[in-house]
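Here come two complexes built around subunit A, the first alongside subunit B, the second alongside subunit C.
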Partner chain A sequence: MELPRPRPRRILGQPLTLPMLRMGPFPLPGREREKNIRNADMDQFLQLIVAGLATGAIYALAAIGFTLVWQTSQTINFAQGEFVMLPAILVLAASHVGLPMWLAFVVGTVGFVLLFGFGFKRFLVEPMQRHGVLPLAIATMALSVLIKEAAKNGFSAEAQQFPSLVPEGTLSMLGAAVSVRDLAIFVVAVAAILGLQAFITHTRTGRTMQATAQNPTVARILGVPVQRMILLTFLINAALALVASYLISPVYLAKFSNGEHIGLAAFIAAIVGGFNQIRGALAGGFLIGLIDNLAAAYVSSAYRTAVPLVVLVVVILVKPEGLLGRKEERTV
Partner chain B sequence: MTFKTFAAGVALAAAFAAPAFADTVKLIDVIELSGPGAPAGTNWKNGSDLAVAEINAKGGILGKQIELIHYDSQTNPGATRAAVQRAVDEDAYVVLGPIFSGPISASMQITQRAGVPQIVGGEASAFTKQGNPYIFRTSLNQADSMPKLANYLRDEVKAKSVAVVWINNDFGKGGRDAIIPELQKRGIQVAADIATESGQADFAADAIKVKNANADAVFVYLNEEESARFLRAVRQQGIAKPIIGETTLLGAKVIELAGDAANGVKGHVGLLVDAPNPGFQAFGKKYMDKYGFTSDHNGIKGYTAVYTVKTITERIGKFDREAFAKALHGARIDVAQEPGILIDTKWLANGDVDRESFLVEVTNGKPVVKATLPMINP
Partner chain C sequence: MTRKLNPTLLIVLLAFPILWFAPAGLKSYGLYVVALWLVMSIAAMGLNLTLGYAGLTSLAQGAFLGIGAYATAILTVKAGWSLPASFLVSTGLSFAVGIVLGFPALRVKHHYLAFVTLAFSVVVFLVARNEEWLTGGVFGLANIPRPVLFGIDLGGGLAFYRFVLCVTLVLTLVMWWLLHSPWGRAFLAIRENALRAASLGIDIRAYTLLAFAIGSAFGGAAGSLYAPLVEFIDPAPFALSASFVLLLTVVAGGAGSFFGPFVGAFFSYMLPELLRATGGWYLIIYAAVVLVLVMVSPTGLLGLIDRWRDHRSQRRAATIRAAARPTLGARQGPQQGSAS
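Moving on to the complex of A and B:
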């Protein structure tokens, strides 16, 4: 009995031949091209992740500011974006009056911390807080407009170059060339945040700050200098805004309107991550930074602002206290 | 008060007011002094102020001093419409500006209805295609620039594929729609077509897309600040491919803001203070002496817009808006007749201009002219 002959295997309508078997089912150039495309896609994805983490680190620094102000005064600082915009403008203004750049940095840094660390608490938060949360929130909105217009009219309506403390160039990472500046922004911002976290959890002053944030009345009874702790929180907020400003201004260029975008993104990040937790603001910042960059690349630049807002809506619907937030009587 | 007293008062007021009014001619400049267009608008404002000061010092136009008023358009179509309407209501002889094409398109019907000539700085091709007899350019139409750029990409850069990066406004869309067919006609593949937003701060994702498109060259068509941010992002990602653009990309403000990232950028420029042209160079020096920084092409546009008003008004011999508009269609102003025009310029029937232009490369932070391109229809 004759066994049925197996039907020859066919590839793209052609019988499979020995040379084809040696080469594989598709010609080598095609496979290489496909592999190259896959590699290019992976490289692009990795580069976008690094860029997204760098952007997210800036958002995280600003978002932590929202959290700190919320914890100490139970209000939202709507001028937080302008806090990130202003230090770079102050440095440039100081250099424009003839100071050398290092001295301009010193003047800008000290001036900003005094004005928007100490001054913000002393002249805006303290007088307004006794009238309730809403008037204070509205006062921060007014402050936001005031800072922006003062920067525009008092300095310049145009973008200005800001010196970079980090060299340009790329670094090979898992086969993809990623930006040194992106990595540096990420490392510096994360170091600042980890330093803050260590200060809050591992030092006596930090724990006292936490106690003040959790229950200022009990803290006062226990002898905690509550006002000094609140002032320290505002100074830390100003310092974080400074770091964010010096890191991002060489990339975005120093301009009065920079705070609008950063403030909105950080606000979304703080809500998504959890408004009452520093780790929540950190996670929210990175998440929004990643989503922002991936949306710009894979959706479109036009919708990059909309995608984080969609995430915000979903988080509010599913977990109103934020991804890592703690449930409170009031949720944001 | 009797009627006689009232009439005498009115007559007296008119007697004092009339000469004061008659001694000046009002030009109203609606220009981008804030918003994303602020760098462009500031240059234009300074250039126009400089021209007015010179003309007034020499006796004005037909014996009248120019009164130049600036209104901030905020780079916003709504604010521009309001400012143009105000200019018309305040009886401007000619409206100058704006520069951004979107606000021009949104506001030019107001001057057309009122019969007031408007001399603008926009480059988008659309607004001179609408049969408006009162709209005039100070710069080349982007549709005339793109064939020159496409030839440059094919013949000089030898590009087989190009990544096109454009800004999602009237200016950017017009440029994108003009360059892509020109590239395709020349067999150049568009490897990536990337839209960005006006006022965008973060260009990392766009630069990464450009990098991975692996095109032979990158064509950039963005406004000033966005151009600078994009160039910085491109260098940050280590992209070494030729970057080619139109006038804006090679502007003084872009070069200043982008710093080293602007070096090596090449492109086509309509107006440039560093061009081998004595008029431009003299203007550049005057501008630098007065304002302390280098003028970009918008400074030249503002300056020449005022000299255009002067020359054409003197040709018609009266302040007549309709006659002005008629005279400017098809007019040619040569530097030999009016040095303030800086470069021989011809206006076409639709309000477009034709003049020489330049191929430029940024070297050591300075735009260096590599070639001069002739008028399209001399």
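Moving on to the complex of A and C:
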């Protein structure tokens, strides 16, 4: 369930128990030693925040794709995590066959978008859409098992190195050492999301897509090519998964089981933020990323997976439409 | 006794002696697989009640299987209880937890409920893995005893299989009775249209909770049999994927049909054993088969049979119509098209 993450540093040999409680807005006057601990805590806290934002950006990418696909075609894609796992594996598999790295990237990218953008929509979602939400959800569950096992048996059961586009190292920020990769992940993911947002709100095609998402029937009456717009959201979903995969695989290594955690986090992010809002999925992604990282450090590494889930359950019970979502109307 | 015996009940009563005698020649591994099929059928039957009849999407049946299995293992290994007592306690515990988990079901439906139950599954798995003092952690609990009941030693493979078969029969009859009672009809009414059911005076709150809790109790009962069947449990078989597979099982068999869970469990738990010879590829084959099945027939394997039967009766009707056409045509005259 869990991805390997370096354990938080322990300062002065003392386990860090609930420093959140000790961290006031102003450092209280006290002995020098106390102050040092507090500064170290602050450093660690900042590192965790940056790491959390980086993880959160990945979750947001997956969650936005998930939300888009849900909005336009009522598809609950249980294979979303596997979609993020697979492109890196495809690239590695292509390079193992003997292709040079750049060509492997091209083959992986094109192959993935064709198979799981176009193919997924055309051959799985389209024929099953008329049967309703549940059979399609079941089909994506089976698809997720299929992808995972195929990656395990067809490629490798071991975690594999994935080439990073960003050098390793740390950067000093506000006195704390921050990983360059984490920053790069954050920047690239946010750029991708902003680009998507600009596309949706500022281009004609984007607005047509939005119309399809909001009300397919009316969109069709107004002359929107609905099926083509749905296909577009599937392609965007595949592209977002691709970006997430290339960003995260150098850090977590490429492994067949990576999708489980990312998929789960993406669902949680999408629901917590609001199932029917892109900015909801965005906020949810960052929130879950932060909670995930902070919980691992401050609550319990054994139960870190449970903390976002508790948040999820609370949100569902208190505000089922999500933090930023709008209520869906009920028809009798 | 002039009432005609219900065909469903007839199948159950006919299948029992067949299943009692048929596996007698099997070796211990074969017996284990057949017994596992029955145990998983019980769990799937519970989920079928929740999903197929009451329409509540639950991803927690694997967790209830785990709760039942761990409760039984802890009570028999650590506290030295007998299996029947542990069985009742495990089932009751699952029922109680099911009621608690059922409360979210009152507020949310469909995918939201799926995610609440999913969260529950993950938490149960984490507790089983982390609370070593209680569950043995990743090392699990070993040497779960098979009991001696009424002077019969159930230690052997065949004896224990027959014990499982008897329990399955009892639980199947309980389920049959339940579905034909006013309760079962109320579950169906809520699935079809909750508002209409409420306006007919069905207490939606109570029945939703009940559907959830009874389904969970069946999961717990299955777990309680699973523990002594395998004689060793660790958290792995009760992970989230177990709940996914149980959901696939119910849908593949045919959600909302009485024998769907048995067909589905055969498909999900015996087929992989038969495909074991293919090495690591069996899960791929299984997933691909489920995928194709759901695409071809969203109502499951039994739905496929129903459709085939419909198709055949339509064809038969078509041939009869075709055969009758000349006589009809002769009576009405050849130019009937222009007359209208």
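Operating definition for what follows: the second predicted complex is superposed on the first by the 298 of 332 C-alpha atoms of A that agree within 3 Å, B and C clash if a C-alpha of one lies under 4 Å from a C-alpha of the other, contacts with A are read in each partner's own complex, and residues count from 1 in each chain.
Note that contacts are C-beta pairs under 8 Å (C-beta built on N, C-alpha and C of every residue); 3 or more make two chains touch, one makes a residue touch a chain.
What you are looking at is a predicted structure, and each value in this text was computed from that prediction instead of being measured.
By the document's definition of touching, neither partner reaches A:101: not subunit B, not subunit C.
Look at A:302: by the touch rule set out above, it reaches both subunit B and subunit C. Once the two complexes are laid over each other on the shared chain, residue contacts for A:142 go to subunit C alone; subunit B is not touched.
In the superposition on chain A, contact is made by A:150 with subunit C only, not with subunit B. Legend: residue contacts after superposition of the two complexes on their common chain; A:42 is shown touching neither subunit B nor subunit C. Shared-chain residue A:191: touches no atom of subunit B or subunit C. When both complexes are overlaid on chain A, the residue A:316 reaches subunit C alone and has no touch with subunit B. Once the two complexes are laid over each other on the shared chain, residue contacts for A:128 go to subunit C alone; subunit B is not touched. Residues 152, 302 of subunit A touch subunit B in one complex and subunit C in the other. Residues of subunit B that touch subunit A in their complex: 33-35, 38-39, 42, 168, 194-197, 199-202, 204-206, 208-209, 211-212, 214, 225, 228-229, 232-233, 235-238, 253, 256-257, 259-261.
For subunit A in complex with subunit C, the touching residues are 1, 76, 78, 124, 127-128, 131-135, 137-139, 141-143, 145-146, 149-150, 152-153, 260, 264, 267-268, 271, 275, 302-303, 305-306, 309-310, 312-313, 316-317, 320, 332. Residues of subunit A touching subunit B in their complex: 40-41, 43-44, 47-48, 51, 54-55, 152, 157-161, 168-170, 177, 179, 181-182, 250-253, 255, 257-258, 261, 292-294, 296-297, 300-302, 304. Interface residues of subunit C facing subunit A in the complex, by the touch rule stated above, are 57, 104, 107-108, 110-112, 114-116, 118-119, 122-123, 126, 129-130, 195, 240-241, 244, 247-248, 251, 280-281, 283-284, 286-288, 290-291, 294-295, 298.
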